[in-house]
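To start, the structure under review is shown below, and the notes come after it.
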Amino acid sequence: MELLGIWIGAILTLGIFSFLYKDNPVYKVTEAIFIGVSAGYYAIVYFFDSIYKKFWLGAVVAAEKDLMLYGGAVLGLLFLSRLYSKTSWIARWPLAFIVGATAGLYMMTYFVTNGMNQVASTISDVAQKSDLAGSSWAEVLGTYVILVGVVTGLIYFFFSKEHKGAFGAAAKVGIWFLMVTFGASFGYTVMSRMSLLIGRMDFLLGDWLRIIN
Amino acid sequence: MFSVLKMKKYLGVFYLIALVVIYSTIAAQVPVDATAVVHPPAPVTGLTASDTDSDHGHSITVNWKPSTDDGGGANSVIGYRIMRSNSPEGPFDTVGIVPLGSKTFENSSSIEAGTTGFIPDDTNFYFRVDALTADPAVFSSSEGTGPVHSYGQWFNKGLYPVLWAVIIFTVLTVMFVSAAKKGKELYVRPLAGIEAVDDAIGRATEMGRPILYVFGLGTASDIATIASFTILSRVAKRVAEYQTSLIVPCYDPIVMAVAQDVVKTAYMDAGRPNDYKEDAVHFITNAQFAYVGAVNGIMLRELPATNIYMGKFFAESLMLAETGVVSGSIQIAGTDEIAQIPFFVVACDYTLIGEELFAASAYLGREPLLLGSLKAQDYAKAAVLVLALFGILAVNFAGDLGMAWLANFKELFKVID
Amino acid sequence: MKRQLPLLFVFLFGTFMVVQNFVPHENSERAKDFLNDWTIIIGIFALALGIWSLISVSIDKINKRKPNWEYAFVTLVGLVAMIFFGFTSNVSSSWWTYFASLIVLLIALWLLVQGILGFGAGATRSKEKFFAGIGLGLVFTLIAIFDKSWEFHFYTPEGLENTMFKNFFSNIMVPLQSTMFALLAFFISSASYRAFRARNLLASLLLIAALIVMLRFTPGPWGDLISKTSTWVMNVPNLAAQRAIVIGIGLGMVATALKVILGIERGYMGKG
Amino acid sequence: MLNTLAIIILSLMGASLIYVLYRTIDGRPVERRIVFAYIGLAVMLPLMMKVTPPLPITTDVQKLYEHIVKLPPGSKVLCAFDFDPPSAPELQPMAVAFVKYAFKHDLKLIIMGLWPQGPQQANMALQEAFRDSLVAVKPHEEGIDWVNLGFQSGNEFVILSMGDGFKRMFPRDTRLIPYDSIPILKNVVNFSNIDFIMNFGAGYPGTREWVQIGVDRYKSDLGAGTTAVQATEVYPYLSSGQLVGLLGGMSGAAEFEKVLAEKGKASTFILAQMFGHATVMAFVIIGNVAFFVLGRKKKNPEGNN
């Protein structure tokens, strides 16, 4: 059984790799299997997670029934009104609930974490008089470079002011900073992804073909 | 996200347990010199207990003045034990142990009855604090305090700065939107990625090939996806006008349902309801890599002239964009997922970076209503810059200018909820 | 009613969540937990719509003999098999009745869906197909009830423990997932060759930063200097630009959310 | 035989890059499939080679090694497996080397995971270790020489509660045997009874959480093995002394195998990684050399933001 599993895994692995040469029937079969099996898998996992664990155990068989959960079930059923085109407008109600509630939640979360707290971090990042004693000049300079980067980077994102003159120059410096960041994270990811490929090659050569180890 | 929020509620309980363990361990390990007799230390004074402010209830804060033998006097105190009881006479139970030098303790629990250490609201409690010494048998108890009961508050006072900032931002947005409504011209700088959208649709029409619109892995509750819906509605309208075809493969079923509505409405607005095909927007699977595999397949089989990626993207960003290069498509991308922006920048023709994605919906429609909010965003950015610069100056120089209270300016922005 | 009521809902729920943030009282926390639970429950109903979309698009492909229609069969079989495995388990020592039932189920569903889709399109014999499907489905259920060779698990999570469900996961899903992820190594290299060129100042900055970081992970004589430089790049310019992007994204999101709550942005309702 | 063949092919590939450079300069860049072939072979062939690349041992690995060898036989080591299969190429070799070393030197392993698939990875590492002839000399028994406590959800809160008592978070091990009936766990109440913590972490929750709670709060000694990506994030903890040592990515794993003298997969993987990286860099350089030679002739109209 384990051997069969390895063979199936290896054949599917090769099927995906064949896509690198070109789109071909083997890849198409692999892709079709992947779509079907994964859609089924998640349907089952979500079913047991939300309908069974949350709703059935929480609101139907529990000793202390969470009656509020029925509200969710009703909204969910309303969503199914989309199956018939004449009633599909009803589905906007649960949708309005989801969009409204999450817009409210995210508005506050991002206001605090991406807005207010970032002001505090920017202030803390820049070297303060009290830190000067223990740091090298390069470190102190670095903190001012950070400040320049934040200021110019934000200036780049201004939409309602023309990028001209000193403002334009600042925006230009801002985009330099952005590009360095993008390069750095690209390089960083390149290096970490190589190990995934090594892992698959090891599976093919080791577990399947057994030519190594 | 939600689970983390939930977890925070239990943090107090865990913290309490952790403290008990550490200090009981410390207390157990301090060698007791059998010959030396430890005298009971001076008890703590000024003990007060009150409901913890700005919280969900189920929490009582105890304050006291340390024993005179703590860090001075006989120097015999190693910590304090906080005791609680339901009646003034006792019996008292340990609810926490804190190290020497402490003056305050928060006795809190989760809001769920039945959890460890649950503290019911509106129930009277009495507190006592013992000054502990290295010898577990030698300690002095303070006078009891109470009754005190906990209750939840309806406003978190720690969030005043946030409240003001939100109000100012909302007012600014509404102001600029209504100014724009009255016909005030608002300048917005050009965004290359947005201007390319029209050309790209035109190109698809000329070539007679479809347009592929990808939402990525976002759900309908991601703001990036909501912004993307507006972009899709503009794109779909143009597509309907030019009579090109559109393919929208979806990862999230709710996103699929919404996108179907969006595209259908766009076709109706363009006056071509009959051209709308139900399967233009379809669900694939909610497994990340199976979805990528399917979209890659679509690219090589349908050869779209233009690929538009707008929304939340993860590791699939480069896989999609590189396959798009093979199919010879013009590619326009926009995401708020910082780690993926570099891949789009490298492999796509145009990329909307972060905030530009949220601005895009306003740009595409050039509707004054939406443009107005861009102005408010700019003011908010300016405010962030000014406040940060002011804060840096305040931290460094406020003390010298005799305005020490300003030195803690940045604390205003440190919001922990 | 069709459009105004949903907008009102958005406003009410949105405002509620904003206000909730300022209210620490336990009732406010409980309300938030419920809204969270509702979202999860709605999600599974939506997933049913998604699966229906996948099935109907696949069947449409097969019926109209669109390009690559053959592969749609594979998808459907994989999907139904996985769902069947998830809700059932084999209790007898032999597997043949179990798999035979799966085949019966596949045929029954095929006829059923053909019938349902046929009603709308006015195709011939859709009624016959529909009832044949129901009949076969009945047979399939009766086997489960009376034969005792396998059983249903709608109300117990034992389906998740089904051997076949687990095997399909670990021998099909897992290798496919990790291989697909591993393709990234190839795509990164082709992108590096094709697009990583010092065309102008901006592209050069990107390239240089990338090279410095890449060199850091490649052993060689550059050693300490590169390691220090790359740490500096990550900690100074990278940090600065990330913060600018984060602030921008935050404000963009807040503005978008605010517009959604106030009903200014309605793209998600189909209206721009 | 395989070894020689791989070396020959790799050298030929290296040489043929000059042709790729020539073509690119000539304005006829090679197809992406050729690039793919280069990457695929550059990663695959080194795996078949029996060559160990010369690796200088970095101080981070040396420090960890020195700490581990000082652990007396019978020491109890808490092993936290906080990763899943995608990170296994980097972390599994470290784990295998560590487990082998531990069994050979009679260290007692208490295994747990904050990631659902962590304990499975641990079992795989144990299986691998038992195959080693030197480990097999002495029988190692579950419950006496090692125990797998399994996965517990709750992220950093699990570590926090473990300070109160391991039993609280792990009432039973993966065989469902109660905590108190497991010999190795006798006298193990909390972190104060543990001599060393080894964490293999691929992200959140992982090394950072172990440092913040296990080290800062409960004063344990912690060593860590992380992916290359994570290494940059936890590096500051090393210089501040909160970590006794750090294995970063594939090269950390290979160095670890070298200092412990446990030849394992990382020693071959590192070679594959070096060739893979070198190939990507080579293509970046070829692309740019060609661009500068060509660039003088015509301007590239393609623009990006």
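For reference, chains read A, B, C and D in written order, and residue numbers begin at 1 within each chain.
Methods note: a contact is a pair of C-beta atoms (placed from the backbone, for glycine too) under 8 Å apart; a residue touches a chain by one contact, two chains touch by 3 or more.
Note that the structure is predicted; figures quoted are calculated from it, not measured.
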Centre-most chain, if every chain is reduced to its averaged C-alpha atoms: A
Label of the chain whose CA centroid is most distant from the centroid of chain B: D
Separation of chain B from chain D, taking each centre as the mean of its C-alpha atoms, in whole Å: 31
Rounded Å distance between chain A and chain D, as computed from the means of their C-alpha atoms: 24
CA centroid of chain C to CA centroid of chain D, Å: 30
Geometric centre distance via CA averages, chain B-chain A, whole Å: 14
Touching two or more other chains - residue numbers and ranges from chain C: 18, 21, 39, 42-43, 46-51, 54, 68, 173-174, 176, 178, 180-181, 183-186, 188, 190, 192, 194-196, 202-203, 206-207, 210-211, 214, 217-218, 234, 242, 245-249, 251, 253-254, 256-258, 260, 268-269
Residue numbers of chain A (touch at least two other chains): 16-17, 19-20, 22, 28, 30-31, 34-35, 37-39, 41-42, 79, 82, 92, 95, 98-99, 101-103, 106, 108, 110-111, 115, 118, 122, 147, 150, 154, 157, 178, 181-183, 185-186, 188-191, 194, 196-197, 199
Per-residue overlap in chain D, given as positions that touch at least 2 other chains: 32, 36, 39-40, 43, 85-86, 228, 232, 249, 276-277, 280, 302, 304-305
Residues on chain A engaged by chain B in the complex (per definition of touch): 16, 19, 22-23, 27-28, 30-31, 34-35, 37-39, 41-42, 79, 82, 88, 91-92, 95, 98-99, 101-103, 106, 108, 110-112, 115-120, 122-124, 126, 128-129, 147, 150-151, 154, 157-163, 178, 181-183, 185-186, 189
Contacting residues of chain C [partner chain D, same complex]: 174, 178, 181, 185-186, 188-190, 192-199, 202-203, 207, 210-211, 214-215, 217-219, 231, 234
Contact footprint of chain D on chain A as seen in their complex: 17, 20-22, 188-192, 194-199, 201-202, 205-206, 211-213
Chain C residues touching chain A - in the complex, by the definition given at the top: 2-3, 5-7, 9-18, 20-21, 32, 34-35, 37-52, 54, 68, 71-83, 85-87, 155, 157, 159-160, 165, 167-176, 178-186, 188, 192, 201-203, 205-214, 217-218, 230, 232-251, 253-254, 256-258, 260-261, 268-269
Contacting residues of chain A [partner chain C, same complex]: 1, 4-5, 8-10, 12-13, 16-17, 19-20, 28-56, 58, 68-69, 71-73, 75-77, 79-80, 82-83, 89, 92-108, 110-111, 113-115, 118, 121-122, 125, 142, 145-150, 152-154, 156-157, 174-191, 193-194, 196-197, 199-200, 203
